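For reference, the structures are reproduced in the following blocks.
Next come two complexes, and both contain chain A; in the first it sits with chain B, in the second with chain C.
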Partner chain A sequence: MAGLFLFYLMAVVTVAGAVGVVSLPNPLYSVLSLIAAFLGLAGLYLTLNAEFIAVVQVVIYAGAIMVLFLFVVMLLDLRREERIPLRLPVQKFTGALIGVGLFAVIMKVIFSGSLLTGAKGAFPAERVSEIGNTQVLGKILLTDYLLPFQAMGVLLFVGVIGAVVLARRRAD
Partner chain B sequence: MAWFAIVLIKILVAFGALLLLAAYMSWMERRVFALVQVRYGPNRVGPAGLLQPIADGIKLMFKETVVPSQADKFVFFIAPALTLIPALAAFAVVPFGDTVTLFGQKIDLVVADVNVGILYIFALSGIGVYGVVLGAWASNSKYPLLGGLRASAQLISYELSLGMSLLGVVMISGSLSLKDIVAGQADYPYIFLQPLGFILFVICMFAETNRTPFDLPEAESELTGGFHTEYSSMNFAVYFLAEYCNMLTLSAVAATFFLGGWRGPLLPPVLWFLIKIIAFMFFFMWLRASSPRLRYDQLMAFGWKVLLPLSILNVVVTAVFIYLLDS
Partner chain C sequence: MPLVIPDISLSIAAPEVGLAILICVVVIADLFTSMENKAGMGVLSLAGVAILALIVLFQWGGGAQTTFSGFYIADDFSSFVKLVVFLTTIFTILLSLQYAKVEKINYGEFYVMILFAAFGMLVMASGNDLISIYLGLETMSISSYVLVSFIRHDPLSREAGLKYFLMGAFASGILLYGIALTYGLTGATSLTEIATALSGPQGAAIADDPVMVFSMILIVSGFGFKLALVPFHMWLPDAYTGAPTSIAAFMSVAVKMATVAAIIRVFFIAFPALAGKWNLLFWLLTVFTMVWGNVAAIAQTNLKRMLAYSSIAHAGYIMLGIVATTKIVGGKVVFTPDGLSAVLFYLVAYMVTNLGAFGMLIYLCREDFRGDNIEDWRGIGQDHPWAGMAFVVFFLSLGGFPPTAGFVGKLLLFGTAIQNEYYWLAVIGILTSAISIYYYFRVVMVMYMEPRGESQPAIEFSKAPSIFVALVVLVIATIYLGLFPGSIITAAKSSVAGLL
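== the complex of A and B ==
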C-alpha cells in the first residue's frame, strides 16, 4: 500500500517535472523542473528495490550534470528569451506525432498484460536484497556483461577526448 | 507502533542536537578566532558568552528581510532551505553510537542504516549545491552571481576527489553502509591503512564546505559576501546554519571512515563521537584563522591536477594490496 502510494507520488513528480521542462518560459525554471523529474525518477528506482541505481541517479544526473546545465543558463543570461514565444512548427508537429505514437505503444503493452506475466530472472527482488544491491550489480557488470561494460568505458573515454579537442580548437 | 515512535524520537534527537551544535559552533568559531588573534571574543552574554548564539538567533529573527529589486522571489526564498535540508538529511545515515537497550528495546544509534549510506551522503551534498547557486542567481546582483558560479565549479571539481578518497575504505571494508564501516574498525581505525585517503578527504572536505583556504564563493575581500551578499535576517541565518551543518556532517563522515566512528576506550561511545567531530571543527577554525585564500586558478589546478590523480593512485594501490593480501 505504502509502496503504491510512493509510486504514484513519484510518478506525478516525474511527469510534472517533465512537462515543466518543455512548458515553462524561464530556462532556469526548466532546469529546476528537470532536476525535480530526475529526483522523481530516483524515487521510482527506490520503489523497485534498486537503491544503488537510485542514489547514483541523484549523484550523477540531479547532482553533477544539472549543475553544469545551471552553470550555462546562469552565464548566458537568458532573460530576454523569456518573452519571445518559440516558433518551431515543424519540430512541434514531429514531436506531437512521436509522442502520440509512443503513447499508443505504451498503452498497447499495458493493456495486453504481457509485462505482468514475464518469467522471473536469476535475480528476483528477494535474492538481491539478500546479497546486497551494490554487490549484485558489481558482480553482474564485471562477469556476464564485462564486454558491454568495457565498451561503454571506451565510449565515454572517446567522449572525453572529443570534448578536449573541441575546447582546444576554440582556445587557439 | 513502537518502531515508528523510536524512529521519530531518533530523528528529533539527532537533528535537534545537530542544529544546536551548529549554532554553538558559531560561538566556538568566534572564541577560537579570538584565541588565535589574542582577543577575548564574545564573553558577555551568559557565562563565557555561552548564550551568544541564542542572542544572535533572536536578533536575526527580528531583522527585516530585504529582497533586492527584480530578484526572483520564489527562488530567492526557497534557496536557503535547499541548502539546509540536504545538510540536515545527510546526517541521517551517520551512526553516532553502538546498539543500546532502552526499556527492553534494542535501539541502533543511527537514524537510518541505509545499505548505500555513503553514496546517499554524496547525493545530498550534490543537491546542496543548488541552494548556493540558485540563491546567488535569484539575488539579481553581480557579486552573488560570481560567488555562485565559483561555488558550482568548485563543488563539481572537488566532489570527485572527495568520493574517490573514500573508495579505499569502502574497498577494505567491502560495504557502503556506515554502520558496517564502523564495525570493520574494531581492531584499529582505517587511518592506519589509508593515510593518503585521510589527507585527501580532509582537504576536499574544506573545499566542499567553502571554508578557508577554499572559501572563494564567499571571498569577503573581493565579493563582499559572495552568494549570500543580498541575504539578511533568517534567510541569512539558514545559510549560516547550513554551512555549519555541512561541516559537522563531513566531520562525522571523516570520523566514521578513518577514526573508528564512535569507538574509543573508557568514555561512552556518543561522547567519543562528539569529541572526534569537535576536534575536526577546531581544525576547520584553526585553519581559517591562520591560512590565506587560494587564487581561483590555483584552486582548479590543485583539484584536477593534484588531488584527483592522487586519489585515483590511492584506489589503485589499495586494490593491488587487497589482491596481494587475499591471495
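== the complex of A and C ==
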C-alpha cells in the first residue's frame, strides 16, 4: 500500500514538473521545474527496485545536465518569451479536450486489463536484489544486451554530431 | 551471477559493423579536408556504401541467422531491404555531390548524417527485438531531423526540421508506450518470444486483454507517424518542402523502406495472434491515406509539396499490400506471401521512380533559382526534349502506366488485393490512382503546352556529371523494371518466403 502511495506521489511530482516545463513563462523556472520532474522520475525508479538507475538519474540528469542547462539559460540572457497568439484560439481548447479524453481512455483501459500485474521477464525484483542491482545491469548490458548497448552508442554519436551541425556558425 | 559471454558473430552483422567503421572513417577524414573539397567525403561515403552493398549481396541466400542473443537476424528479407537502402543512399549521394554546393550545405557532416540514417535503417531491417528496432528507428529519425533542417540559412528548412522533430519525438513516445505495455503483458520484447507468449496457454487471454489491444493500437500509431499514414501525416509535406531536395528523395524512399520492413517483422512475426484486429486498423489507415494523399496533391502548386503528398499516397498503396497479405479463411488467419513480395517490388519500383522525380528538381536547381514550382517547368518539354521525356517517364511510373516499373508494382498490389478478396480496397486504390494521373499530368501539360513566360529565367540544367549519370540510370531502371520485372519479383518472393 505504501508502495502504491509512493508511486502516485512520484507520478504527480513528475507530471506536474513536466507541465511546468512547458507552461512557465520564464525559461529559468522551466529548467527548475525540469529538476522536479527528474527527481520524481528517480523516485519512480526507486519504487521499481531500480536503485542504481535512480541514483544515475539524480547524478547525471538532475545534477550534471541541469547545471549545464542553467548555465546556458543564464549565459543566453533570455527574456520573458513573447507569446504569439494562436491563429485559431479553439486549438487550445480542442487540444486540451482531446488530451483529457485520451487520458480517460488510457485510464479505463489500464484498469480494465487484468493481466498487467505481476512480475514478468527473466529478472524480477527478487532476483535482481539477490544478485545486486548494479551487477545485473553491468553484466546484462555487456552480454545479452550488447547490440542495443552499441546501437545506443551510435545514437548518442548522432546526437553529438547533429547538435554541432545545427548549432555552429556558418563558414561563409 | 556468472558472466556468460553469448555467441556473437560480427560476420553475420557485417553490413552494420562495416557501416559503423565507414562512419568513423568519414568523420575523421572530414577533419583533414578543406572546405572546397568536402565533396570528397561524399565520394568516400559512396565508395564505402558500394562495397557494403556487395557484402550484402554475398550474404544473399544464406538463410536466417541470428546473433547478439537474438537481437539481430540476418535473412534474405533483411538483405533485400538493406540493398534497397544502400542503393537509395548511393543515388542520394550522387544527387547531392553538386547540389550541396548549390544550397551551401557542403559540409562533411551532411554525408555523415546520411550514413547514420542508413545505419539506423539497417538495424531496423535486421531487428528481431522491439528494443533494437526502436533504437534503429530513433537513430534513423534523429539523423533525419538534422538532415531536414540542414539548410540553416533558410527559415523554411529550420521550420521543417522543428516540426518534424516535435511530431517525431511525440510518435516515438507513443511507440515506446506501446512497447512498454506489450512487455508488461508478455514479459518479452523479442519478437519470437512475444509470439510464443501470445500462442501459449495464457495466449488467448492476453490477446483479448484490452491493454494488449491498446498497446497494439499505440504501436500501429507510432509506426503510422513514421510512415506518414493519414491521419498521422501532418508533418510530412512541410518536412519535405523545407528539406534539401536530395534529402526529401532519400527520406521518401529509404525511411519508408525501413519502416515497412519493421512493420512487416513486428506485426507478422510478433503479433499474428492479433492479425484480425491490426489488419482492420491498417485497412482504415490505408483507405484514408490513399484518398487524402491523392486529393490533397491536386491543390499543390509547389512540385516538392506535390511529390510529398504523392509520397503519402504511395505509402497508402504500400500498406494496401500489407493488408492484402492477411486472408481470413473460415475464421482462421492465413498469411499469403504474395502481398509482401508485391510490397517489396513496389518499394523497388518506387525507389527508382521517386529518386528520379526528385532528381529532376535537383537537375534544374541552381543558386539563384530553385525551380520547385510547377510553373518553373513551363516550356521545358519543347526546349529540352530529353529532360522533358525523362520527367514524363517518371510521372508515367508514378501514375502507374505501362511500360514502367510503377505499372507492374500496382498490378501486383491490386492483383493480390483482388485475389484475397479485398475488392473495396482494390477499387479505391484504382480510383485514387486515376485521381493521381490528373496532378502528375498537369505538370506534363505545363512542360509541353505552356510557353515559357518573358519574365521567367532561362532554363539551365546542372552540368554536374554525377546528377546526369544518376538520372540516366534511374530512367533506364524505371523502364527496364517495367519491361523485365521478373528477376526482382523472384528475389522479392524468395526473400519473403522464409519470413511467414
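Brief remarks on what is shown
Simple rule for what comes next: the second predicted complex is superposed on the first by the 117 of 172 C-alpha atoms of A that agree within 3 Å, B and C clash if a C-alpha of one lies under 4 Å from a C-alpha of the other, contacts with A are read in each partner's own complex, and residues count from 1 in each chain.
Keep this in mind: contacts are C-beta pairs under 8 Å (C-beta built on N, C-alpha and C of every residue); 3 or more make two chains touch, one makes a residue touch a chain.
Small disclaimer: the values here were computed from a predicted structure and weren't measured.
Once chain A of one complex is fitted onto chain A of the other, the partner contacts of A:Met74 are limited to chain B, with no touch recorded for chain C. Contacts of A:Leu28 after superposition: chain B is touched, whereas chain C is not reached. Which of chain B and chain C touches more residues of chain A: that partner is C. In the superposition on chain A, contact of A:Ile131 is made with chain C only, not with chain B. Contacts of A:Val160 after superposition: neither chain B nor chain C is touched. When the shared chain is aligned, no partner comes close enough to touch A:Ala2: not chain B, not chain C. The interface of chain A with chain B does not overlap its interface with chain C at any residue.
Listed in rising order, the residues of chain A touching chain C in the complex are 106, 109-110, 112-116, 120-121, 131, 135-136, 139, 143-148, 151-152, 154-155, 157-159, 161-162, 164-166, 170-172. Taken together, the chain B residues at the contact with chain A in this complex read 72, 75, 114-116, 119-120, 122-123, 126-127, 129-130, 133-134, 136-137, 145, 148-149, 152-153, 155-156, 159, 176. The touching residues of chain C, counted against chain A in their complex, run 1, 3-6, 8, 20, 23, 27, 35, 68-69, 71-72, 104, 107, 109, 112-113, 116, 119-120, 123, 129, 131-132, 135-136, 138-139, 142-143, 145-146, 149-150, 152-153, 161, 181, 183-188, 202, 205-206, 209-212, 214. Contact residues of chain A toward chain B in the complex are 28, 32, 35, 51-52, 55-56, 58-59, 62-64, 67-68, 70-71, 74-75, 132-134.
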